[in-house]
Amino acid sequence: MPSAVELRDITKRFPGVVANDGVRFEAAEGEVHALLGENGAGKSTLSNILTGLYRPDEGEIVLWGEPVSFASPRDALDAGIGMVHQHFRLVPPFTVAENVILGDHRGEGKKFMVHPRRIERNVAELGKRYRIAVDPRARIWQLSLGEQQRVEILKALYRQARILILDEPTAVLTPQEAESLFETLRVMADEGRTVIFISHKLHEVKAVADRVTVLRDGRTIDTVDTGSATPRSLAALMVGREVSLAERVERDGEIGAPVLEVRGLWAHGDRGGDALRGVDLQVRTGEIVAIAGVAGNGQRELAETITGMRAAADGQVVVDGRPLRGGDAREAIRAGIAHVPEDRLHTGVAPSLSIASNVVLKSYRGKQVTRGPLLRLRAIRDHAASLIRRYDVRGGGPELPARQLSGGNLQKVVLAREFHGDPRVLVVASPTRGLDVAAIETVHRYLRDAASSGVGVLLISEDLDEILALADRVAVIYEGAIVGEVDAGATTVEEIGLLMAGGAG
Amino acid sequence: MIRFERRLRQPGWLSVAVPVGSVIVAFGLMTLVLLATGHSPGHTFSRLLDTGFGSKVAINETFVSATPLLFTGLCAAVAFRMQLFNIGGEGQLYAGAILGAAAGIALGNHSGWLSVPAMIVAGAVGGAALALVPAILRAFLSTNEIITSLMLNYVAALVINYLIFDSQSYWRDTSSPTAKVFPQGKNLPEAANWPLAHVGGLYLPFGLLLGVVLAAVIWVLYTRTRFGFEVQVIGDSPRAATYAGMRTRRKILAVMALSGAVAGIGGASQDGDFRHTLDPRGLTAAGYGYAGIVIAALGRYNPFAVCLIAFLLGGLQNAGFALQGVDFPSGLVGVMQGLILFCALGGELLVRYRVRLGSRGAQRAEATA
Amino acid sequence: MLVAAGGINNAVLVVVLASAVVYGTPLLYAALGELLAERAGVLNLGVEGMMLVGAVMGFWAVQRTGSLLLAIGVAAVAGGAMALIHAFLVVTLRANQIVSGLALTIFAGAAGLSSYLGNDLNLADQPAKHAFSPFLPRSWRTADVVGPVLLNQSALVYASWVCVALVAVYLSRTRPGLNLRAVGESPAAADAMGINVVAYRYVHTVVGGAFAGVGGACFSLAITPQWVDGLTSGAGWIAIALVIFAFWRPTLCLVGAYFFGAFSGIPFTFQARGILSGVPPELFQSLPYVMTVVVLVLVSSAGARRRLGAPASLGTPYVREER
């Protein structure tokens, strides 16, 4: 098969990092080619170069034998490259049709005026041709993440993309939805398009791709046929050493009495409407309970309501048998609820403040660090230094602004602070998103240790592998309600996947 | 092609070099403006320096101009630190002047030394009360504080005019025959005149010293206390503050009240230090509140930097008043302040980013292509 | 009281409505301009300064050339030039939009460039050589109610209606308008689809400034008509608030502008007619400012939590290449 796209010795530097270091990559017409690598291996940078968002410092891009140079994303789009970003590039208040035609400047796009009726018709026809069902008049913010992803694919097809790049496309899908996405991708490849599938999940790569190129630390490690590779061999290529694939590890410690009880919890979402609809939950000491679900089904609201950041519309949060007033984070902290938030950079820490300040973010009123109304800055610094040593935070000392830490080290700072408060309950949301394998292992170890020491852990995650590796019980959330609860040791990905799509069906 | 790269470490010397550089560049741009409008920059600048800083007399006058700027600069710095854009310093200063004058008049000459602290407290209360209006609206109804605090400047200016020109108020002088024709405020009693420190030929207004002390207090409050810690966190990331259980609303009220109180004391100092009456024309013509924003931004909200910059801009303002005329057109001071602020904002970029001209790699790639 | 000696057209309500249109027009131009900039994601708090520079330069141009049309053009260019400074600072240099806008107001405002230019060009105390005035046939202008309110107006008023219609169509029905809204709502999405975010932000900020310049010129070429330092007296700020009340929609700007125009006109009308002469004039003069606060409170308590209509990226710089 002729080669559709070839990247020759691409190098891209950012201040302090070489994101791509002489990367070589080649994909043929009509193939699904996976780009496999850990978080931070340089996959996203490479795709941003290919779509004209970044300009490479060195190296060249060759499309169908012709060297090209992209001055802007528009050049890449015109050259036939379409991309589905991990965080969708859609305009939420726009209709589906408006999003699809956005930026089009050829053919129909030359016209100065936009006729909503006509573009809606065009988009509906396009959807019909590729069997991608979405209502062209719907507004993006009304759609589920799975539907939004279909809009992104339609956008690429509308612009006649011959090379389609998808960045971690299954992160927002149920396992069953992922299957159907894979079928769509196969159809597109059979039409002669090139699909570049970026992932760090081995079984997906095995399931969908013809070939795999593995990136590590910004370099190309190897390109292999999927048929001849095993998950274990791919993992070794990806991480650079033999790794134990996420497997269940038995913990010490006993599961005891209920420490966190959530009773009939209702809460409003940011756009109004009910984000939580009567959630009931129970976490016992020493237990890890996972909340599984497709992103956007009320997970963030659940974490925020339990930890007092959001007021409940109805229902109760009970810690150690005592109900909380709710809507008051300080009260929740006093009751022993620790919280590792989803957005660690802007919620978990104050990014411009020092590590030292962030370490006392919740305990700055405590006796150890204050003298009357004054802060004991020396004591705070010493405390931070000791936590930095104990939790092996790398990248700088107590005075370093938190935003300059890498994702993994930042998460260690958050965990260090939260554990240090001797919590009864730990609410963790997507604790390993964006981290590399070593950091993931560390975070998982900390969570297991916390449970072993008698803390009740509520793990909210969209990563089923993570959930199955850590949790004792799994509760599945769908549209703000718990639709099922299963024993993590005795369930399958398929069973949870069905629940994630809304339960019985 | 110009590119910006985020700096990993921000070198310390930049925080001094950038403001100094901005002032120099601003003077350069000012030169262009003067040339374009047919003035001699050399002449204008040398007169400006002479009149602002050239002699002990000039410096004494600059102290007079710098005093209100110090207060309004601190007022803006205190609020802006927490990303609360209180641009009502102007109106809060009037409010402080009104209540400060009332306290001075009410106590007369009988209470001796008590007049001065009473005026300070009254001024602070006036400024804080006015600042609490946008604060409450912001905290409880999430109303944009920029517009509300600004609108209240106009209202406060109308109130102060009303008190002297359109009513028989407590503040208005109704006894003397001239005052019946030309409305003016009552003269404050002797005891309400704030003391003046005399050091080696320089006269330091009491308000100026008070402002410097306030700057030190604010610095301690913001860098060394729990209150300041909360302000830092809220200013940096309101979500992190909510997460940590901080009471953001109370902090908005407290910081705005503090900010308004500082401006209000500045108003009382106008009564006690300089004008010795409630003087609507003089107060509303000066634009102290707006200059305060420039000062706070240039000082990067650091109270001590505000002291220094208030002095420098005080010299500029003093010279602006003294020289107003053919070769020193009105408006020049505002143009200067604006230019300095533009340059400081642009310079801020140099602190955060490294500027690269062209891109070696990309050029090489294109050459081989 | 309602129908006075001069017939219905002399009734207080009619006079107030007529002055609402007169005083609302500068607000309308300025608000339309600010709306365009904000739709691109650029908050420009320098409206007051841009209006004043537009006013002074427009007045200068009419005194020099005698052409009102040229004067409007000069005012637009002057306002646009001021906005260009802001655009450069916030788009290219990524400066804080709030502080930069305040800096622009200080630089260009009542104690800044506008005053400097007025002083330097000796414009104060000059009577206007030409001014915009009503031009429709006399019989139309004296028609009952609609005459004084709508027909006895200058070309600036009618042009402002055209501008409202043009901006409304531009935003909702044209491709650049669609792109503009995308840039304001989600610059990352617009960028990924090949739309030049920087260019859109520059162009609409500068055009917004031009509108503000014309708004300022309404004062110096039609309402006052002469040059006085600070003659806009806060209209620029009211225009910024107006964009919020109008939920970023041009047609609602029209309604809002006349609402606030009425409050701006009331002090003059009442004073001229001796209505409520016992009440201090400051009370009426403070109405536009107080009403701005009141309406802003009503609007924000109704929908601020959801930022009704506000472009999502308003006030934030867009940086593509950052890690």
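Labels A, B and C are assigned to the chains in the order they are written; within every chain, residues are numbered from 1.
Following the convention adopted for this analysis, a residue touches a chain if its C-beta (ideal position, glycine included) is under 8 Å from a C-beta of that chain, and two chains touch if they have at least 3 such contacts.
Bear in mind the structure is a predicted one, so any value in this text is a computation, not a measurement.
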Contact pairs, highest-scoring chain pair: B-C
Most widely separated chain from subunit B, with each centre as the mean of CA atoms: A
Inter-centroid spacing, subunit C versus subunit B (mean Cα positions, whole Å): 28
Separation of mean Cα positions, subunit B and subunit A [Å, integer]: 46
Overlap residues in subunit A, where contacts from two or more other chains coincide: 14
Where subunit C touches two or more other chains at once, by residue number: 321, 323
Residue numbers of subunit B (touch at least two other chains): 6
Residue ranges of subunit A in contact with subunit C within the complex: 14, 17, 19, 51, 53-54, 72-75, 77-78, 83, 85, 88-94, 98-99, 101-103, 105, 109, 111-115, 155, 270-272
List of subunit A residues in touch with subunit B within their complex: 11, 13-16, 55-60, 67-69, 307-309, 328-333, 339, 341, 343, 346-353, 357, 361-362, 364-365, 370, 373-375, 377, 404
Subunit B-facing residues of subunit C, complex: 45, 85, 89, 93-96, 98-100, 102-120, 229, 233-234, 237, 240-241, 244, 280-282, 285-286, 289-290, 292-293, 296-297, 300-301, 304-305, 321-323
Parts of subunit C lying in touch with subunit A, wherever the complex brings them together: 173-179, 181-182, 185-186, 188-196, 306, 312, 320-321, 323
Residue ranges of subunit B in contact with subunit C within the complex: 3-4, 6, 37, 85, 87, 133, 137, 141-144, 146-148, 150-152, 154-155, 158-159, 161-162, 166-167, 287, 290-291, 293-294, 297, 329-335, 337-339, 341-342, 345-346, 348-349, 353
